[in-house]
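After this come two complexes, each holding subunit A, first together with subunit B and then together with subunit C.
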Partner chain A sequence: MLVFAASDKGGTGRSVTSANIAFHRALAGDDVCYLDFDFGSPTAAAVFDVPSVMGGIVQGGLHSYLQGQAHEPVRLDVWARTEHPVLRHRPAGSGNLVLFPGDRSGGEFAVGNDSVIRGIDLFLRLHSEFDVVLVDLSAGRSYAVDLALEVTARPELHGVGARWLIHHRWTRQHVIAASGFAFGPRGILSGGVARGHDVEELRGSMRFVRAAVLDPETPPWSLAPPAQSAWMRTCDQGLHRLAADRGVGYSAMLGSVPLEPVLQWREQLITDEDVFSSRVAGPETLKAFQDLAGKLTDDDAWGIP
Partner chain B sequence: MAGPANTGERTEQSPEPVLVFGEVHTCLLQHGQALTGRGAADLLRLRADERVRLSERPNLYVRSPDVPTGVDCHLPSASGAKVRAVGTVTARATLTEGRLLQAGAHCTVTADGPGRRRRWGHYLARPGVVEPFGTLPERDVADGCLGAGRRPGDLDLGAIADRTLTRVLRDRALDNQPPFKSQVTRLRWVALRAADGEGPSLERFTLAGDGLRMAELRLPAGIPAAAAAGLCHDLALHDWLLTTLVRMVERSRLGSTDGRDALTALRPAVDHLMHLWMPAARVDQPLRPLWEALEREPGFTRQWQILVQRIRDQLALQTAAHLQP
Partner chain C sequence: MQIKPRQHLLDIWQAVSRHSFESGEWDWGEEGGLSSVADAERLLCLMYPATEIPAFRLDDPDTLQHDVQTALKDVGGPTEIPVKLVRILAEFMDTYTAEDEGPSFAGGHYFDACDPGEELTEEQRRLGVVDSFSMSITLCLATLGFLKVYRGRTRRAEVHALIEKLRAATETRLTAAMVSLLRSFTVNVFDPDDPQGRTLCDILGQGQISRRVVVERFQQRFKALRATVNERLVLGVDIADRLTDQNQLFECGWAWTLVKDSPPVETREPIGRQPAGVAWPVPYLYFTVVALDGIQDLSSERTLTLGLLTPEQQRLAEALRLRWEITQQYWSGIARFGDVWPLEDIRWRTTGQSMESAYFSLSAASILVHDLVRRRATDEDLTRTVAVMERLAEHSRISSRMTEEDTAIVLHAPGVRLALQGSGDTGPPMQWTVADFPAQLLKRSIQLCALSRNVSSHDRLLRLTERVFAHVWERRIRYGKGAGLWDDVQAVYPSAPAMERPPSWSFTERVVECMVAGHWLYNQAPLRSSELVRSASSLLSEATHLFGGEFLEPASAQDSSRSRALKSVEAGLARAREVLDQQPGTAMALVLGALAELDSLARGRRAASRGE
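Moving on to the complex of A and B:
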C-alpha cells in the first residue's frame, strides 16, 4: 500500500508522525519503506537518527532519480545505519525498514512526463517489495503532491492501493488550512480529479491526522485553575465544531497525537524505552502512534465494509 | 552479406572475444495468478518483428526476442582506466512457470579493436558484441563490471536490465496483486577465458547486500555468450527462490510463534514457490558441471530441501494437532 503524508503548512508533525508510523509497522513485522519526498528540506534521516545522511544526500537520492540522473535511488537499511541506541538492536520478528533519502540540494522542479514514468516505475517496484510504502511529501501544493496525484491516477498503478494522510495541528488556523488544502479549489481533491481520479474514491482515501493536540480532560491540563480549564474546554468544543463543518471532523480523522514535549523539542521516534524505562515521553504518545500504525490498514477506519 | 551473428565465433573483422559480462534482475511477476503460456508470450513481445520463444518441458518457460541496444561509452574498470568501447548489448526478458520474471543484459567484448569508431553496419551485424578502442585490459574491466570503482557514464548493464524489467512490469495486463511481497535480486556476472585445456568453472559466487550477487566464470573458447547468459539466468532464478524462501521462513518465525500464524505466513511458499525448483533445467550441456560445483559448495539444493522439509514438517504437525480429539 502507498501512503502519502501531506500537509498544508510546515510544523504539523508530518515527518515525525510518518516516521513513527513506519517504525511501528516495521516493529509489527511489516516490510516498510519511507520515501523522503520533502523536496527542499529532507528531514527523515534526523528522525530515524541516521547522521550520515542528515539533511539529505549529496546525489543519487530521490530527486536525482526522478530527474533521470540516477537509475535507482539510494536506499538505506535503517536498522543497520541508525545510531539510535534502541534501534541498533533489530527486534526479532521485525520487518525491513528502509529509508530513501532526498537530495540535499533537491528543491522544486516541474512535473514532466519522464519524471511521471520514473515515479510509476518506482512505486510499482516498491509496492512489489514492501507492505507499506510511506511517502513524506513537502508542505503545500508542492511539486511532490502533484507528482503523487499524477502517478496514482495512471492506469499502470491500478491495483496498487493509495491512501492520503493530511497532517495538521489542532488550532483554528490549521483546521481551516487543512480543510482548504484537502477540499478547496486548489486542493488535493480537485487536483486529483483534474488528473483523472474518481472524486468519491479519492475522498474516501483521505484521512486527517491531528498533531500536538492538547486535551483539556487529561493531565496536566485537567489540573489547570477552573477559569483556564473552562476556557480551554470552550475553545476545544469550538474547534471540534469548526472541524466538523469543514469536513475535518471525527469521521474524517485517522488519529491524533498529543502535545508531547519530546516531539516539540526533538523530532524523534518514540520507543517503549522512552515511555517505560527513561520515561521521557508519555504513554499516550506511544499509544497514539501505535493506533495510527494499526489503523493505516484497518478497513473499518477507512469506511470499507 | 553481413558477418556471422554468432558471438562466440571469430571473424576477420571482429577479433577474438575474451570477456562476456552481464547483469540479470529477477523478481516475482506482479500478478495474482501465474500467467499461461499465451499470456506470457503476449507480455514478453518486446519486438514486433521477432517472435517470442515458448517451451513447456520440463517447465513453462517463455523468452522474449533479444533487444539490441547500441552503446558507445567507457567500460567499467577497477583501476579507473578509460576503456572506450562501441557495439551492441543484448537484452531479453524471460518468464518461468508464469511466475518468475527475469530481465538480463549482456555483451561480449573482443580482445582488441581499432582506435576509431567503425561504421554502424559493422556493429549491427554483430549483435551483443562490443569492441574496445585498442587492447582490452580484461581483468581490470572484469573487476570493474563486478562493481569495483564504477563511475557514472560507464556502460551500465544493470540499467539496461532494469529498463527491460520495468517496461514489462508497467504492462497494464498485470493486476499488481502479487500473492506476497518480495525483493528484486540482481546478479552481476563476468566470464573470462579459461586457460588452454581447462574446462568451464565457476570461480566465485558471492552475496552482497540489498539483493546484489556477483558471479565470475571461466569459459573455454567456443562457448557462446548466450549459453553463459542462460546459465546465469538459471543461477539467478534459483538464488532468488532460495533468498525469498529463507526470508519467508525467517519472517514466519517458525518454531517461536503459534503454528497457525506461521502456516499463514508460509502458505504462499507452498502455493507459489515450492514447485519452481529445477536447477539446470535450461543450461547447455557443457556448462552443467558448474551447477554441480555449486551443489557441492555452498549446496543450493541442500539448503532448499531443508527449508522445504521444515515447512512440510510444520504442515504435518498442524494437521496432526487438528486430528486430535
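Moving on to the complex of A and C:
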C-alpha cells in the first residue's frame, strides 16, 4: 500500500508523525519503507536518528533518481544505521524498516514525463517488496504532490492502493488551511481530478491527522483553573464545529496526536522506553501513534462516512 | 434531588443502549414488534432528545460531543450511530406497515381484557390507539428532521437509497397518523338530566350551585365556543342539531381510537384503506391530553423552519390545529369554571366513563398548563395551578408517606385502568392501563416552572420538581436486563404488586421528555428580581464613586500590587455594569468584592494617618 503524507504548512508534524507510523508498523511486523520526498528540506533522517544522512545525502538520493542521475536511489536499513540506543537492537518479530533519503542539495524541480515514468517504476517495485510504502511529501502544493497525483493516476498503478494523510495542527488557521489544501480550488482533490482521478474515490482515500492536539479533558489541561478550563472547552467545541463545516471533521479524521513536549522539542520516535521506563512521554502519545498505525490499513476507518 | 438534565439524559441513553444493543446490533427483544406504541416510545427515548437538544444531535458524526459518544459506545462509533438509527427506524416502519392497508398503529400488548380470564382476539390487538397516532407524529417529525441533516452528511450510495426509502415511509406514516387523529376526534352532546350531564354539573357546581344555574353559566361561558364548533367543524346532522340547542351540554376531545362511523378523510397520499372506527363517540380526558401533546409538535418552530410538512400534510395539520384550539379552550374553561375551580377538587370525575382518579385531575391540569404556555392565563391562575400540583404530589403519596391499604397505590401499580368503550364488538371488552403518573406530574411541573416568572411560585415549583424527580429517579430498575430504565415501583413502595413487563417504555419515554423539558428550563435566563437590581445599582454607584476617589491618590508604579488591585477592581466593576440587568445577584457579588478591595486600601491609609 502507498501512503502519501502531505500538509499545507510546515510544522504540522508531518515527518515526525509519518516516521512514527512507519516505526510502529515495522514493530508490528510489516516491511515498511519511508521515502523522503520533502525535496525542500529532507529531515526524516533526523527523526530516525541516522546522522550520516542528516539533511539528505550528497548524491544518489531520491532527487537524483527521479531526475535520471542515478539508476537506483540509495536505501538505508534504519535498524542497522540508526544511532538511537533503543532502535539499534532490532526487536524480534519486527519487519524491515528502510529509509530512502533525499539529496542534500536537491531542492524542488519540475515534473517531466521522464520523472513520472521513473516514479511509476519505483512505486511498483517498492509496492511488491514492502507492505507499506510511506511517502513524505514537501509542504504545500509542491512538485512532489503533483508528481504523486500524476503517478497514481496512471493506469500502471491501478490496483495499487494509495491513501493520503493530510497533516494539520489543531488550530483555526490550520483547520482552514488543511481544508483548502484538500478541497479548495487549487487543492489535492481538484488537482487529482484534473489528472484523471475519480473524485469520489480520491476523496475516499483522503484522511486528516491532527497534531499537537490539546485535549481539555485529559491532564494536564483538565487540571487548569476552572475559568481557563471553561474557555478551552468552548474553544475546542468551536474548533470541532469549524472542522465539521469544512469537511475536516471526525468522519474525515484518521487520528489525532496529543500535544507532547518530547515531540515539540525533539522530533523523535516515541518508543515504549520513553513512556514506561524514562517516562518522558505520555502514554496517550504512544497510543495515538499505535492507533494511527493500525488504522492505516483498517478498512473500517476508511469507509465512506 | 437536583435535576441535571444532561447528565441524567446521558445515563438514560447509556442504559437504553446497553439494554437494546446486543454487541452493536439493535435487538427488538421478545416484546418488539408487538405494540407500535411501545416500539415508538423506545425509539423516541433516543430520537426525542436528539431532535430537541442541539448537544444531543446524532445526525452529524463530526459534531458529536465527547460525553454523548461515551454514553453511546455500545451502539458504535460516531459514524456508525446515524447509519444504525436509519436501519432501526426503517425496520420499525416496515414492521408497522401492513401489505395493502398502509401504516398500522396497533396497540398490541398494551391492550388487556377487562376480565383477566379472557383472551383478546388478534383483530382487537391490531386496533389502532390514539397513543400510537400521537407518538407517531412526534417520531415521524423527529425522523424527517434527522434524515434531512444526515442526508447531507453521508456520501454512501447505499445509505442514500435507504434514507430515501425511509423518508417516503415516514411521510406516509405521518399522513396516516394525522388522518387517524382527525377521525378519533369527537364532540359529544348530552342533556343535563342524562347521567353524563349530571356528572358534569356536579363537577362544575361542586354541590354548591344548583344544576339550573350551572347550565345557565355553562351556556354563557361556552356560547362562543359552541358557535365555533358548529360553524367550523363538519359534524353529523344529528349532533349539529342538538348542539344548536343551548340547553344541551357538550364536551369535545379524543376517543381512544377511530370513532365509529367516522367518515374517511379525503387525501391524495397513499395511506391505504382507512379502517372503520369502533370507539364510541365519547372523549377521554387521558387520550385528549395525549393527542394535544402530539399535535403541538406539528406547529413547532422546528417543524416550520425545517419545512417538514408537505402541502397536503399542512392542510391536515390545520384541521388538527383547529380541533386542538377548540379542545384546549374547552377544557381550560371547564377546569377553571366558577370561583372555586373544579380542578382544585382533586380526584376529578370523568363524565364519559364515570371514573374518579387523581390521574384525571393531572390530565385536566396538563391542559391548563398548555393554556398557560400560551399566556392566555394570568399569574394568579399559575399560582393556583402550582397549589394543585403540590396537592397532586401529596395525594399520590409522592411527597408524603404511603399508608397501609392506601388507595393511592393504584396510581403507581398497577395503574389507572380505562375501559375502552366500543372495544367489545369483536371480542371481550378491552382496557388500557396508565401507570406513568409521577413522570407526567414531573413533566408538567417542569413545564410550569419554565413558565413562571414569579420568584415565589418558581421556587415552590423547583422544590416540587426536585421532590418528584428524586422519587422518579429512585424508581429505576437496579439489576438485570433493563437496569437504569423504569419502572421498579417496589423500590419506593415495597408493598406494591410487582410489575409485569420490565422495562416500561412508556414510563422511560416520559422521563426522557421530562429531561428535555428540564434542559429548556435551565436554558432560560434566570429570574431577575427588581429589588436586587435596585440594590445592585446603588452598590455599583457607591463603588464607582470610591474607585474614582482612589485616583486622587498619587499614582503607583505600573506593576505594583496596588495598581494591579485597582485594575482588577476596574474589570470587576465593568463586568458588574454589563450583567446588572440580567443577573443582579452576580453584579452584586462582583461589586461587593470590589468594595472590600477598595476599603482595604482606605484602611491602610487611615492607619498610617493615625501615626502622624
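One rule holds for everything that comes next: the second predicted complex is superposed on the first by the 303 of 305 C-alpha atoms of A that agree within 3 Å, B and C clash if a C-alpha of one lies under 4 Å from a C-alpha of the other, contacts with A are read in each partner's own complex, and residues count from 1 in each chain.
By our rule, a contact is a pair of C-beta atoms (placed from the backbone, for glycine too) under 8 Å apart; a residue touches a chain by one contact, two chains touch by 3 or more.
Predicted, not measured: the structure shown is a model, and the values here were computed from it.
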Combined model on subunit A: subunit C and subunit B, fit or clash: fit
Which superposed partner A:121 touches (first subunit B, second subunit C, both, neither): first
First (subunit B), second (subunit C), both or neither touched by A:83: neither
Partner chain(s) touched by A:303 [first = subunit B, second = subunit C, both, neither]: second
First, second, both or neither for A:241, with subunit B first and subunit C second: second
Which of subunit B and subunit C A:157 touches, first, second, both or neither: first
Which of subunit B and subunit C A:251 touches, first, second, both or neither: second
Comparison of subunit B and subunit C by subunit A residues contacted: B
Touching partner for A:201 - first (subunit B), second (subunit C), both, neither: neither
Subunit B versus subunit C - smallest C-alpha distance in the overlay, whole Å: 26
Subunit A - residues contacting subunit C, complex: 200, 203-204, 217, 237, 240-241, 243-244, 249-252, 303-305
Residues of subunit B touching subunit A in the complex: 27-28, 30, 156, 158-159, 162, 166, 169-170, 172, 174-178, 181-184, 209-210, 251, 253, 256-257
Subunit B-touching residues of subunit A, taken from the complex the two chains share: 29, 31, 71-72, 75, 77, 92-93, 95, 120-121, 124-125, 127-131, 155-160
Touch list for subunit C against partner subunit A, complex: 60-66, 78-79, 153-156
